[in-house]
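Here chain A shows up in two complexes: once beside chain B, once beside chain C.
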Partner chain A sequence: MAGLPLLQNSLLVGALLFVLGLEGMLTRRNLIVLFLSAELMLQGISISLVAWSRFHGDWGGQVFVIFVLTVAACEAAVALVFVLQAFARTGRLDAAAWQSLRESNLPRVVDHELPAIDDLPADWPKLSPAGVQPVTDENSALQRDHV
Partner chain B sequence: MQNISPATLLVLVPLLPLVGALLTLLLGKILRSRAHMPAITGIAAAAAVSLVLLASTSMQVGAGPSSGEHAEPVRPVEMITTLWQWATVDKAYTPDAGSAAAIPGTPIGELTTEMRPFSIPVVLRLDPLTAIMLAIITCVGLLVAIYSVGYLHDDPGYTRFFTLFAMFVFSMSMLVAASNFLIVYVFWEAVGACSYLLIGFWFQKPAAARAAKKAFLVNRIGDFGLAIAVFLLWMTYGTLDFHDTLSANGTILPGILGQTRLADPAGMIGGAVGTAICLLLLLAACGKSAQMPLHVWLPDAMEGPTPASALIHAATMVTAGIYLVARCAPLFIASPGALVMVSIVGATTALVAALVATVQYDLKRVLAYSTISQLGYMFASLGTGTMLGFTAAIFHLLTHACFKALLFLGAGSVMHAMGGVIDMRRYGGLRRLMPITAATFLCGACALAGVAPFAGFFSKDEILATLHSKAWPNTHGQQQSPATGHAHLHLSSFSSDAVADDLTADALIGLDALNCPDVWRILFFMALITAGLTAFYTFRAVFMTFTGPTRVPAEAGHHAHESPLVMTLPLMILATASLVLGWLLFSTHWLSHFLSATPSFALPAFGQTATAPVFHLDLAIQGTLAAAVGIVVAAIGHLGRRSDGPQMERFLGPLGALFANQFFFDQIYTVLVVRPLELLAMLAGIIDRFLVDGLVDFIASLPLGIGSVVRRLQSGVLQRYALAGVMGVLLIVFVLAWQLRS
Partner chain C sequence: MNPVGLPPVSSGLLVAGAVTAAAVSLWLLLPRGSDRHQSRSFYLTQRCGMLLGVVALAGLATAGRRLGSLGEDAVFLTVSIVAVVSGAATIVSRSPVYSAIWFALSLAGVAGVLLVLGAQFLGVATIVVYAGAILVMFLFVLMLAQPSGLAPYDRVSSEPLLSAVAGAVLLGLLTLSIGRLSSGTLPSRAGAVETLATTAPAALDPLEDNHVARLGAELFGRHLVAVEAAGVLLLVALIGSIAIVSRGELDAVADRHSTASDAPTSHTPTRPEGIA
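Let's turn to the complex of A and B:
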């Protein structure tokens, strides 16, 4: 089994990617980051598939990965639209802002309360001219959900 | 009219008012104040058709009665029209071999052993009894409908009234034209429903709503009797048709009142079952015709509009009971015990209602009790079981329909002018204000009291003569009773399980013992006293309302004037009828001859009693004397005086209180029936609220309790859901791994 070390290494990388994605999925609140984490999990699985495919000399796994990529691309398009719409509605990318599907008589779950929108500075980060280090604003840099 | 068959005409009589009712209902919003047009047109057309039918039936019966004391019974005239089969089951049942009584006399064909069909046809019949009833219903209905145009001209429920009114005419004509007990039952209920809706016409008024409910509930008792009677008839006779029907294989299925059974001397089943059927029919008749002890609804029914009272609660619907007993004459003849009960109930009701009427101050209530009393008269006459008795009852029904409708419409006219006040103590001397109403009301009063040339005199005289002939059979030269010959007719032919126990059966047959001249003598005197009382309370009402100093209650305002022509015209027509109808029918003997062609009355047993009614001078003198005494007493008490004190009660002492409170019937029913039922309802309410509802609430609280625990999972936090998913997957993976570990 000549390809065994390659398979082991690939599976390790795939598992790492998947767990990182899962970790991000379960801990982050930013919708876009959540979405990125989901992509990470997909790629982890894809790597495993490719590794096994190569190990067995069967192209099926690699073909499957092509499908996964395609579907992931579509999903990315749809999901980003949802994220944009969600942002347009609330002005936030925080998943905690979308708790209205909970039982109405339960309290809202908040681990860290974010400052109200009105308190935020009106100057949004802009792309600075190329080659110049942007002037960062201390306050808005902390607000991940607006970046 | 030559080209149209009588069958078509017969169907048209109920159909036209039905179409009128539907059109009134549909076009009411468009026609508004002309909403009466379709209804009145329909009823008028039906009246014309029914008169044509009456004439054609009369021609079929033949010319006037042949001379001679014992005329040959005329050939029965009957026509059947089957519209459609309502329910048909072929080979529904096999008649019980024991109940040979299901087939009278010799078995016809092989019906006793063969499966028999169950079918309820919607079938109409035309015979003299139906023809005369149809004529009464539609003609009086037409006059009252015309009157209502004036009476109800500004009422918001104008459309509703005429719809119901035409519906009633439809239902009532179906009731008297139906030739099947189940169809009769259906329309028996339909007229009850119309009556309920019209009593509660002003349903915003609590008294009217209560009265409607009371009428409905009390009638329910009678209807229950009719339902049981229909069941028993089915069990006994194996059919519900009145007429004979031809079955598919050419054999004749004898109807309950069909020619086959009538021709057979043993055709009708007597004994305990027969008596039970007749008593149940009597119960039904008591409910609908407001006889004791079910009469309590009729006085309250006066809360309805006066035209409805006139048509439904005086002229037509309340005579449905009379019609039913008359129609089932052969059944009653076979059970003399039940027959004598009819008379006893009738005469007692007549006397009691007349006594109550003497102290009433509400003009409509006086007339209501008078109606009850006069219906009692008819029942007393029916109970004699002679051809003369039945003819007299129908004759009185006819004249009563005219003069009682007249009196009610007159009372309505007074009420209209007095701004809704109907208490006789609050007005007086109205003859100057309302000359036409006064004159026509006097005509009606004379007819009701039995003053000589008026209609009531002749019909009441016939009833008294009938009772007299039963009480003193020898003086009339007739056989004592054709009915007694039929007692114990079929006693041996029905099995013992037909009636629950022999004791009941004995008790039912024991009623026959009442059929003796002594009882009839008592009944005759009750009727005679009632005649005097009738004259008294009628003229008391006339004197209190129309004589004395003119007084008008404040409610009338400037409204106190004679009613418009649309109201007085029906009054005048009915007054003319009350004046001439009695003499016309009595002198020509047309009615008795005509009615004797009704199949029900063409019993062989009737043949002996089918004598032309004779004018008994002695009875006429007795009746007139009674009426005269009544009128004179009324004149002494009330003529030309202010009449607002309770003189009668004071004069009668404790008896007056008894009469004024209607013999405490309402109070007795309240204690005996209403209170226990309310208690039961309260108990049921408690059980329902605490036991049944408690159980349901407990079961409902179970998911609620579980939900309150599980609900905490539904936090709305995305990550928790994702975590739950991951945990689930991990669990599955571990379980699978555990299973695959080998």
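Let's turn to the complex of A and C:
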């Protein structure tokens, strides 16, 4: 395993994940998806840190990623509590439900009427029924070669 | 040290093309309010977006360097493509539940990349902590709070074109600057890089036996104070979230009582003095 090519490729993957998370953060409006995007950015950063740690041959990057994990866990706990509180107050997981907090010179987010959703599947997948007594034939039951 | 095979990331044209394809692909795939999900145009848009995404990934993979042997290349490509593709699916999924599931798959890919990089403990910890704990917590909240069907705010996205362009510019700059890294231009530890690059893989061998022991020694040796601080941070986050929840519940109960009747609020639970 080589040093510099592995470093560059890993940094490229980290950059891709970071940019994807950034775009999710910028475009989506669901609060949960916003937090998932933030976690995606953290993943990209983690990959970059571990790649540098591998390249330089010391443990600093890996130790830092452990702290990133810790802070991410704290952040998720506190943020999800806030999301639940926000949901309890507005009934929506919508970031734009809190747009009264925006700067006064920014335009208001206006929702337009959306076309109806028609992507429900025609027939949902079915599970075979459980808990039904199987029909057994007494003659063949005696002749079974295994139980 | 020398890259084998394909040329390094010096061809700016290739990077620009790949990044543009990625931006257009994301723009096509991101939810827009006018989607009619069984219409032909929606189908075509999705397929074009996926095709452009594949083109962008192929371009970026070509821009990357060869790792040395075919097996290493194949493993790294597989896990990183899993991570990136499911990361993209995370942010373009209409349903947030699907987003969370795609994010779990992306975490699996990230853990694979970390394992390839020789960070065994972090790879496992990513799966256990993120996919096992944090993601399940997200799913709990989703199941508590998600309305049935797709909410209108899940079917629109704000400024998909501008953000796709911004992300493409950022990705292009990052890719070009990553491609210009070489052992000569690396700023830190100049001169030591050459020796490090030869000794480092041995020092951080992925198959090393006492990897976790050495990581733990480093963590509880040089970084002991930081570990203690992280423990305090976890405790504070725990107490804080519980306090916010209990206070919010009291507020909600108080609201319900005060709006339900104009009667004197003798039944309204009064907040204990200790909780501000």
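Rule of thumb we're sticking to: the second predicted complex is superposed on the first by the 104 of 147 C-alpha atoms of A that agree within 3 Å, B and C clash if a C-alpha of one lies under 4 Å from a C-alpha of the other, contacts with A are read in each partner's own complex, and residues count from 1 in each chain.
One rule holds for everything that comes next: a residue touches a chain if its C-beta (ideal position, glycine included) is under 8 Å from a C-beta of that chain, and two chains touch if they have at least 3 such contacts.
Keep in mind it's a predicted model, so treat the numbers as computed, not measured.
In the overlay built on the shared chain, the residue A:V81 is in contact with chain C alone; chain B does not reach it.
Of the two partner chains placed by the overlay, only chain B lies in contact with A:L106; chain C stays clear of it.
When the two complexes are overlaid on their common chain A, residue A:A96 makes contact with chain B and with chain C alike. Of the two partner chains placed around the shared chain by superposition, chain C is the only one that A:V13 touches, whereas chain B remains out of contact.
When chain B and chain C are set side by side, the one touching more residues of chain A is C.
Legend: residue contacts after superposition of the two complexes on their common chain; A:L26 is shown touching both chain B and chain C.
Judged by the touch definition given at the top, the superposed model places A:T70 against chain C, while chain B stays out of reach. By the touch criterion defined above, A:G57 reaches chain C but does not reach chain B.
For the contact definition in use here, the residues of chain A common to its chain B contact set and its chain C contact set are 22, 26-27, 29, 95-96, 109. Touching chain A in their complex are the following residues of chain B: 711-712, 714-720, 722-723, 726. Taken together, the chain C residues at the contact with chain A in this complex read 1, 3, 9, 26, 30, 33-38, 60, 63-68, 72, 76, 80, 83-84, 87-88, 90-91, 96, 99-100, 103, 106-107, 110, 113-114, 116-119, 121-122, 125-126, 129-130, 133-134, 137-138, 141-142, 144-146, 149-160, 163-164, 166-167, 170-171, 174-175, 178-179, 181-183, 188-189, 196-197, 199-201, 203-204, 206, 214-215, 218-219, 222-223, 226, 230, 233-234, 236-238, 240-241, 244-245, 248, 252. Of all residues in chain A, only 1-13, 15-24, 26-30, 32-33, 35-37, 39-40, 43, 46-47, 50-51, 53-57, 59, 62-63, 65-67, 69-78, 80-85, 87-88, 92-96, 109, 111-112, 114-115, 117-119 touch chain C in the complex they form. The touching residues of chain A, counted against chain B in their complex, run 22, 25-27, 29, 34, 95-96, 98-103, 105-106, 108-109.
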